[in-house]
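Structures given as structure tokens follow.
Two complexes come next, and they have one chain in common, chain A, joined by chain B in the first and chain C in the second.
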Partner chain A sequence: MTGNSLKVLLVEDNALNRDMLSRRLDRAGFTVITAEDGAAALDEMRANAPGAVLLDMNLPVKDGWTVAREAKQDPALAAIPIIALTAHAMEADRQKALSAGCDDYATKPIDFPALIAKLEALL
Partner chain B sequence: MNMKRFTARLSLRARLYLFSGAILTLFAINVSTHLWGSLARTESLVAYRDTVNAAQLTDDLQQSLEAARQQVLVLSTLRETTDEPLDANEQTAALANLGDIEARLRRLGTIGTEGTEDYYLRLQESTTHLISGWRSFYRQYNDTDAAVDVDSAVNFNDAIQRLGELDQRQEFLAIQRSNAIDRTIALTDRITVIGFITTIAVTLVLVVLLIRATNASLQRLKTGAQRFGSGDLTYRIKENLEAGEIRDLAHTFNDMSGKLQLAIDEVQSAKADADSANAAKSMFLANVSHELRTPLNAIIGYSEMLQDEIGDPGEVDRDQFRHDLGTIIFSGRQLLSLINDILDLSKIETGKMQVSLEWFQPSALIFQVCDALSPLVNQYNNKLELEIDSNAMDEMHSDPSKLQQIVTNLFSNACKFTEDGIITVAATMDEEWLTVVVSDTGIGMTADQQSRVFQAFVQAESSTGAKYGGTGLGLAIVREFCTMLGGHIELESKPGVGSRFSVQLPVDPESTLANA
Partner chain C sequence: MSDSDDTSAEWAARIVEAAGPLKDAMGRRTVSVSADERRDLDALLDALARLTDLADQSGREVKHDRLNIIGAVRGYSEMLAEEASKLHPSIAKTLPPLLGAVESPVALTGKTSAAKAGKQKLVQDPGVILAVDDLPENRDLVSRLLSRVGHTVITAESGEEALELLETMGVDVVLLDLMMPGIGGAEVLQHLKNDDRLRATPVIMISGRQDMDQIVACIEAGADDYLLKPFNPVLLQARISAGIERKRWFDREDQYREQLERRERFIRATFGRYLSDEIVEEILESPEGLNLGGDLREVTIMMSDIRGFTTLVEHLPPQQVVTLLNRYLGRMTDIILEYGGTIDEFLGDAVLAVFGAPKKQDDDTERALRCALAMQAAMDEVNEANVKDDLPALSMAIALNTGSVVAGNIGSERRSKYGFVGHAMNVTSRIEDAAGPGEVLISDSTRAKLPKALVVGDRRELSAKGIEEALVVFPLTEVKS
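Let's look at the complex of A and B:
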């Protein structure tokens, strides 16, 4: 698995899901750093320059759409690919995430192999 | 203009009757003028003919009188010279001739007498005298002793003169009457022509007015019908400009348009209701989908991870496994309670949630719930305080299963959001109301959170469900149940201090409603 050593930022406020996904990504060979809210996510992006961001949309402090918009407007962060993670499954939700600046979109429950494929495509 | 306004006020039928009547009257006047003219002409002609006949008779009489005088003069001369008697036949014929003259004179007195009466009386006087003289002459002719006076020249000339005067008078009258006939003919002809032309002109004017007035009315109706047809149902045909049938028709049109507008409004409002109901249903489905996916994400994710890990070489971490399995079970239960809550909420929203009232002891029910949920109290090291005086509480008439769910939801919420604190459940009852208060010393809520917390699918924070469990439907169901049982729920809360939910339910909704 080429590129698996790359760093991935997982932004998720739900503790169970954060724990589960970070462990699975770790098992898949990624280096995982986590954030629990939108503001922390932007801080982590600036501090650790992750290769990709998995971004939940319903976040406290600053929601996922705002995080994506601000990241894409910041020249230092604009190049980092963002994959939106959300339980909203409607086509309109997907469009909303993509127009906020997300590079890809994954619906919960997460299809893990597909998520890995998306990550590898972006990295 | 006045005429127009007047005709506009008449019904169509009245207009037609009025105008036909006017035209018929004009024709009647025309015909009677013509008849009167004919009559006057005939009368004048009869008078003229009588005058002409009388003049003829006068001429005849003049000749007869002259002939009779000649005869008398001849006989008189003969008698003086020859003394030859007159035979009986000749005498009778002469007397008959005189009788005939007298008869014709009388006849002259009966024809064409108008305007000649004086002349005739004078003639009659002088001829009577003359003829009676001649009659004596013939009767006494053979009597030689008798003195025969035949010198009647004065009388004769007088009679002839009178006859001439009568003749002149008759001639004058004849000319006069002939002129009168000419004038009568000219006058009646003129009246007939003028009457006919007037009739045609008036008829034309009336027809034009009728057509215009009717056409204007029909135009207004047509305009109205077109406006209605193009969908402008607020348009109204001006009814006060019309009269009779057209006014009725305009009114019917306006009425129809009003009813159509009402029907359209109803359909549109029904459509708006259906649209908003549809939108609410779509929203509900989207929310349900979202809420189901969250626990499923944990269940599927942890299960797949365990499946992967079980294939790993080496010793498995049993504690880790136990923890992960516990997470799967927790999420599964959350999914189950979510499905139950969704079904309840769906029943409430479709009006299929039944309320079955029965008499029961609420204090016993509340104790049962608190007892059953006591493990939750200990979960975060909380203490439970019960402030319920069973002896002070009677039975109530309500739905026990709904009260049970209300208390369960409020109690488990209080346990979830409180750590190392106190959960208090208090219940009191007066004659009308049961009051249940569930308060905690937990995390509390801001005013904004309090305003949203009773809405379906809303928790104070989106992270709340993951951290504390729950579906975001519990308080929505509690509020709906309170309303269904005839009561209400109030919330007081402060962040960091705690929350206090106060439920009031009627002891007997039937008597409470009766009192209200």
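Let's look at the complex of A and C:
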């Protein structure tokens, strides 16, 4: 697997899914940092400069759309690619994620090989 | 809502059941597991335990939790399956059934209630039907009517739930109530029709007689059919069957399109580097005109090289040689593609291009001639840039010859490319050897197709040892004004 030093920020409030995804990413060769809410996500982005962000949309404190919008307006963070993780079936929600500034999206339940392909395409 | 109504509860129950053998295997003391796998297995068992805990509960929140947990179960079991070779065989073999259960919310095999009843005649082509209605009695009725004849029925009690379910499972027909609190039938329909992957799923609207205006609007928005409440069971089944047939037709069309796309990718991969985008597009539009297996055709062949290149760069550092070559070849490639030539090969400083394959055009020879002149003209620019970078100026010789070659995908199974073979190729090479710096030397067969606007200089004869016949060539001089 490529990208041993690749740092990914995983933002997900559901502990079970957070643990599972971070474990899978870790095994796929990524360095994973995590955040449980939207405000913490922005803090982590500033403090740790991840290579990419996997962002759940329904988050406490600050939702994913707000996080994406604020990150893309901040010159220091704008270049970090964001993949929205959305449980929403609706095309409109995906569009909303993209128009908030997310670079791509993945629908839950996550198709892991497809997610890795998207990550690699953005990195 | 009743337990039987929540598809996620059934799904969870199937997953827990499918995980039984895994739990048994893990319970056996004799089975050894490495620390790494132990960690994932524990996480998986933990998630399964939570799923079991939720078994008797219901409600929207519970359903949300359940789907989250199923996501985690799926993730851990996929991860473990990827490393199955490291697992004890007695554990590894329990994973495929679990993965199967996790993958699809609908049991793919198993008894339908119809089979249990054993009376009602089954439909020939059963499908997966999503019935969306906010009233439990309506859902029950539709479920009973349709599962009795062999269909698999999934139900949703709201538009939101319907969209969530559509996202995760393959549905053949959607039976959609128009009037629902929250996201109504019309809105669900609109979402479906805006989604590339769901657009082809047939939708049958259900409504009361008083809502006819809205039904008409739904049909205009892409609904396939409608039923008025209270509906006739026979009519319902007939419309569902017609919907399934339509869906199968779409699916076949989808497969066909996928085949075409695969072919397109192949053609792009084969030709993308040698042809201009325009010609690749044209080939894609009429692939039947393209014989990759090999055919004999008349083409105009172009060979060019830099005179004395090896001597010229003998004392240059390798990096500069590459800069020099790439600048020159880059410019020549642009020009050849612009004139519709097919670049067959770069051989060091030499370029081999062909006009007239894979696509034959009336003016192949003329374009080749004009291309050669344009290439010579562009050398001034290339050299200007070279001098600026302290690199040597280059002079190029070009040979053109028109004749028959075999064109096709040539090579072994491991490495093949679209290429050309034939005597005409060797002739071109001989002319190329005789061409002077800055010259475009053309064969007699190319001259025979010379357009009026172009002129040639004095005839020359090339003789070579071992070849009796002298080769007649002409230098292409200039464009008449």
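To be clear about the criterion, the second predicted complex is superposed on the first by the 122 of 123 C-alpha atoms of A that agree within 3 Å, B and C clash if a C-alpha of one lies under 4 Å from a C-alpha of the other, contacts with A are read in each partner's own complex, and residues count from 1 in each chain.
As a working rule, a contact is a pair of C-beta atoms (placed from the backbone, for glycine too) under 8 Å apart; a residue touches a chain by one contact, two chains touch by 3 or more.
Computed from a predicted structure; not experimentally measured.
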Between chain B (first) and chain C (second), which, if any, makes contact with A:23: first, second, both or neither? both
Touching both chain C and chain B, counted on chain A across the two superposed complexes: 14, 16-17, 20-21, 23-24, 27, 87-90, 107-110, 112
The chain A residues in contact with chain C across the complex are 14, 16-17, 19-21, 23-24, 27, 87-92, 107-110, 112
Mind listing the chain B positions that touch chain A in their complex? 286, 289-291, 293-294, 296-302, 304-305, 308-309, 327, 330-331, 461-463, 465-467
Under the touch definition given earlier, write down the residues of chain A that touch chain B in their complex. 13-17, 20-21, 23-24, 27, 36, 58-60, 87-90, 107-110, 112
Which part of chain C faces chain A closely enough to touch in the complex? 39-40, 43, 47, 50, 67-72, 74-76, 78-79, 163-168, 191, 194-195
